[in-house]
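Next up, some structures in structure tokens.
In the two complexes below, chain A is the common chain; its partner is chain B in one and chain C in the other.
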Partner chain A sequence: MLKLLKNLIKEPMFVIGSFLFLTTILLGLLGPSLYTAVPEGGPYEAPSAAYWLGTDNLGEDYVALLLRGLQNSLYVGFMAGIIATTIGTLVGLFAGFKGGIVDDILNMFTNLFIVIPSFVVLVLVSASWPEGRSLTLIAVLIGFTTWPWTARSVRAQATSLRGRDHISLARINGASNLQIIFKHILPYLASYVFMVFIMQVASGILSESAISMIGLGPIGEGSTSLGVILNTAKNQSAITYGYWWGIFPAAIVITVIVFALYLLNNSMEGVFNPRLRK
Partner chain B sequence: MQNNIIFSAQNINKFFGHGRKRVCAVNDVSFDITDGEIVSIVGGSGCGKSVLAKIMLGLYSPESGSFLYKGKPIVNTRDHWNEVQSVFQDPFGCFNQFFSIRTQLKDAFGILKNKPSKQEVDKRVDEALLAVNVKPADIEGKYPFELSGGQMQRMLLARIFALKPKVLIADEPTSMVDACVRANILDYLMKLKVELGMTIVFVTHDIGLAYYVSDRIFIMNDAKIVEAGRPEDVTQNPKSPHTVRLLEDIPDINREWIKK
Partner chain C sequence: MNFSKRIACGALALSLVFLASCKEEKASGESKTSSYPRSETLYLSGSQWGEPNTFNPLVEPWLVAWPANDRFNLMYEPLTAYNSLTGATEPILGILISYDTEKVVVDIQPEAKWSDGVSVTSTDVKFIYELGKRFPQAPTNYVGEFVSEIKVDTVDGKERMSFIVNKAARNNPLAILDQLQAIRIVPAHVFEKYLSDSNNDFDAVKKIKCDKDPVVSGPYILTQYNNERIVLVRRDNYWGNKVLHDGALPNPKFIIHPIYKNNDHFAINLQKGALDASMNYIPRINEKKKDGVSTWYDAPPYFVPGSMHFLYLNNTKAPLNDRNFRRAMAAALDYAAISRLAVSSYTPEMKPGLIMSEGLEKKYYNAEEVDKHSVPLGDKEFAKKLLEKSGYKAVFDDKGNLKHSIGPKGDTLPTLLIKAPAGWSDWEAIVNLAVKQLRSIGIDVREGFVDGSQYWPALPTGEFDIIMRKPPVAVTASLPWNRFNAVMSSRNWRPVGDGNFMNENEGRYNNPNAAGYNKRVDDLLDAIPLLTDEDALKAAYAELNNIFLNDQPVIPVCHLPEEYYQFSTKVWTGWPTEKNPFAPPQLPWVGSGINTLWRLAPVK
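== the complex of A and B ==
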């Protein structure tokens, strides 16, 4: 374990990625409570000493908005990531381990979900949702539409483990199927599943931003996400009027989080997979 | 006579794959194995000997023909594994890398119907370790990747000493270890037979080893048993050309590699 950590620290990608990611997480978690609200100014005031990143159409300080948006976006990303990774991992493990008819049925379901474009489903469900869409709803929708990719890759890995001798030994030790899956297959896949989880978080944040951007994201008090900020700016034609501070900071924050997650994922692959180790 | 037959196979077949890729792994094989004997199954790679071992272990079931354990077909595999246990070929791949050896040896008791108490399990694990000449303190808190291949193979045998099954299927237990360890493992197999009266099915590609330990030898080639008999008969008067080939392949110290 310690050796693994040492290897990770040697990797510059990991150091940069984790630094960026931890910073964004800390900002998202603590920012909104630490950064006390600045009194409202006029609509679209340019960045100044009082409003570091200017104000929005209602005269609210952009720094405060961004911090709240970051918190909400991370919430959606993690929630979607957890849902997608859990469903995908369970489906993949059972399909890969059981094989035969169970595999065929689960595989059919997975493929069914893969061929349905998840973004279209997201748009349709969001648009037809009767009342206010909460952050949680969006997160659950994203989670339920992105799990098939996890399921596919976990299935492939589980299939290759199924024939190993330690599984046969566990069987003749009298281990039940559940025990074999969770004690003898899952630990071998844990690092892989963790990497998949990171990617799912990143794609969750991106999907949320995308759907919010077209105006189908969370609505209601306190559900300002980074995507919603972009959407508001777009609705107010911020770019046309030259209010760049309405678009760029939010876009940059999204890019930085996703970039940090990609860096983390890449660097971990180099450590967990000995063949890629330098 | 009928009572002490452990395994009885009548024209069993086992196939893998579908359609054109269908491969026959065990083709129309029949044999009886009686109580207390050591039977070796000898053959080259891919001859179906491991599949046959897995059929005996109940991990595979034959597609046609009848396969009986003590006169009954294998229905409940858990009951079967109470009495029939196995040692596998690759000692490194046999243990879960995420749990300590001792935990895994204790886990093995999960298959027993009358599960012994915790103290009893600890005692039996210690005894089993001593039986394979390993001090229990030596592996305390150790994980599989911290042991050598020979030690790991002994851990697999310790598992057998701890469980004391009636039948042991040893699937190439010696093919991945060096020569000294190999001799050790054969000693332990003899010990299991003599002290515990175990019936042992020894799967190997080395007819020389089989000759030393077995009461009977089955020679397999291309999914069939081509010859069966006492080791002396099989080695002195081989009837099948495959047996002759296997015998010729035994390395001989006195033989020159290339005839000049």
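== the complex of A and C ==
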């Protein structure tokens, strides 16, 4: 484990990625409570000493909005990532390990969900919840529509493990299916599942932004997410009017988080995957 | 690996959504092969959103394409036009001769002709006015409630028509005056033939599109249309050029209504000079000045206020059925912030009540009475005290956010949702601010942005707590009476619930079957249209406004123009403005705003 970590730290990609990611997490966690918002200004005031990143259409300071947005987007991303990874991993493990009819049925379900365009489902369900869509609801929706990819790749890995000797040994020793899955298969996949989780978080953040962008995002006090900021800017014709500060900071923050997660994932793959190991 | 692909897909989807939502539309009128020279073509937009279906003026107005729908005077003309600047009723097909509580008298212009050469006569007028008697589904079926009979005499070689007020029904000559402008006259000889060809099957006649060589009386006629634009061409032998405009022709040879999908396109195309005028809400218009986009006034409020936008309150639901609760809400809102942040300062300083303190209504505005009866606007302390006095309490968490409110009986009050159509950015901003302001004094409200398909049906059935609403009150001769009527009349009061439609007073104020019914409201609403004495009229309006201020059935949040009027001087000049008010602040297609067409000049 320690050796792995040492190897990881040698990877510049990992260092950059984790630095960016930790910074965003810290900003998201602590920012909103540390940065006490400045009083309301006029609509779309340009960046100045008083408002570092200007104000939005309602005169609210963009720095405060971005920090809150970051916090909420991370919350949605992690929540969605946890849900999608848990469901996907469980389904994948059982399908891969059990094989046979269980595999066929679970596989059918997975494929069914893959065929249904998840974004469309997301849009339809969000739209049918006109009142009080909370951040948690959006996260759960995203989690429940994005798990099939995890399930598929975990299943492939689990299948390849099924025939290994140590599994057969465990079975001869009378271990139950659950024991085998969680004690003898999952640990082998842990690094892989972790990488999958990171990507699910990234895709959760992106999905939330996309769904908020078209006006189906979270509603309610304090539920400003990065996507909601972009949506407001879009609705207020920020581009037409040249209010770059309404769009670019939020877009850059989204890009940075997703990029950081991508770097993390890629660098881990290089270390964890023996075939890619240098 | 799959996930990288998925991330890439996600990022791509996000950027596509973003690009799609803010892409600039190519100005459809600018193509080089266009047969409509820019210097002879006037581009106006804001009335047609989807593909044009039909140009048949007998179809329900909301299904008909511009300019055969609504109040546009370009193809089919009304008898008269109302000038919202002067209050005058100006002649078009007819000349208003007199108006009293018994009848409205109009002379038909003897020179008026249809485009096929047939004269416009009282037969045409009677055809459309009395169509409801023959076919109950006709769009003018409401006329019978107001006009009991139309008499025709000949005076000095002119046909003189007397519209007799229907005393037994609505008894409202003011509404007849409005109808002179609202009802456009259609050629009876053409539509009678359609009717006899189809054995008087009205629905069959409605299926005729009237898009090929329609017979019209107006200065322009439809020549081409598709899902991107509607093109009208000038009729050089328009009868009104000689009679109404000293023989001059309107300057634009073509009028094109480009059909845009998105509100942004109006701002972009105006700025580029691809659109000459539009009637849409464009935020922060002052920032467009440098691109040659102008408005009536050079300074805020930029537009002439004409209509009030309201928060309609469901007067049958607790706690909104409590007068003091409603008054506290009216006091708590920060109207200056709403004006500055939500509607780009397009509203003048808010005065309480249903009578505007400027423009033609000013003569009925009594500042003393208003101050006596109104709550102070924008006074949070007053609102808090009023709530406290009435037994309301609020529970805040340690961060200062409202948790819930408690009513006078100790019950936790429900969270009230403010409904507004999603995507209407100005209304959304108003609701956002109202929620913030109301929650800060302990009123538990939330945003409820819904799809249009959920917004519109909620109004007539009353299925809302609070809803943003602009009542369909046109700027006509009957203001402010029609505003009071739209907000306070309980003539058609129906309980909230399915199938119970109310098209005025949707907040269900003043239930006529309840113990507290105030009959004076409906009596005043009935009496005002019959008053001709100015002092009596002022007294009646003051009394009605005082009742409104005391009961506060709805909350006016801003005074915006009835129709936005913004124009570009890149291609056409000579638009009416505050400094050159030869026509009212309207696009040159409705009311007496149409006179602008004869004054516009192409930039050389």
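Miscellaneous remarks
Everything that follows uses one rule, which is that the second predicted complex is superposed on the first by the 277 of 278 C-alpha atoms of A that agree within 3 Å, B and C clash if a C-alpha of one lies under 4 Å from a C-alpha of the other, contacts with A are read in each partner's own complex, and residues count from 1 in each chain.
The rule we apply is simple: a contact is a pair of C-beta atoms (placed from the backbone, for glycine too) under 8 Å apart; a residue touches a chain by one contact, two chains touch by 3 or more.
Quick caveat, the model's predicted, so the values are computed rather than measured.
Bringing the complexes onto one copy of chain A puts chain B beside chain C with no clash.
In the superposition on chain A, A:Val121 makes contact with neither chain B nor chain C.
Residue contacts after overlaying the shared chain place A:Met13 against neither chain B nor chain C. Look at A:Ser153: by the touch rule set out above, it reaches chain C but stays clear of chain B. Once chain A of one complex is fitted onto chain A of the other, the partner contacts of A:His184 are limited to chain B, with no touch recorded for chain C. By the touch criterion defined above, A:Leu90 reaches neither chain B nor chain C.
Counting the residues of chain A that each partner touches, chain B and chain C differ, and the larger count belongs to C. Aligning the two complexes via chain A yields an angle of 150° at the C-alpha centre of chain A, spanning the centres of chain B and chain C, rounded to a multiple of 10.
In the superposition on chain A, contact of A:Ile82 is made with neither chain B nor chain C. When the two structures are aligned on the shared chain, A:Leu169 is found in touch with chain B, with no touch to chain C. Across the superposed structures, the minimum distance from chain B to chain C, using CA atoms, reads 26 Å.
Note: no residue of chain A belongs to the chain B contact set and to the chain C contact set alike, using the contact criterion stated above.
Against chain A, the residues of chain C that register as touching in their complex are 1-4, 6-7, 10-11, 13-14, 17-18, 21-22, 263-264, 267-268, 271, 283-284, 287, 337, 340-342, 344, 401, 417, 422-423, 425, 428-429, 432-433, 439, 446-451, 454. If you check the complex, the residues on chain A that touch chain C are 40, 42-44, 57-59, 119, 127, 130-132, 149, 152-153, 195-196, 199-200, 202-203, 206-207, 209-210, 213-215, 219-222, 230, 234-237, 239-241, 254, 258, 262, 265-266, 269. Looking at the complex, you find that chain A touches chain B at residues 164-166, 168-175, 183-184, 187-188. Remark: chain B residues 57, 59, 78, 81, 85-86, 88-90, 93-99, 104, 107-108, 110-112 touch chain A in the complex.
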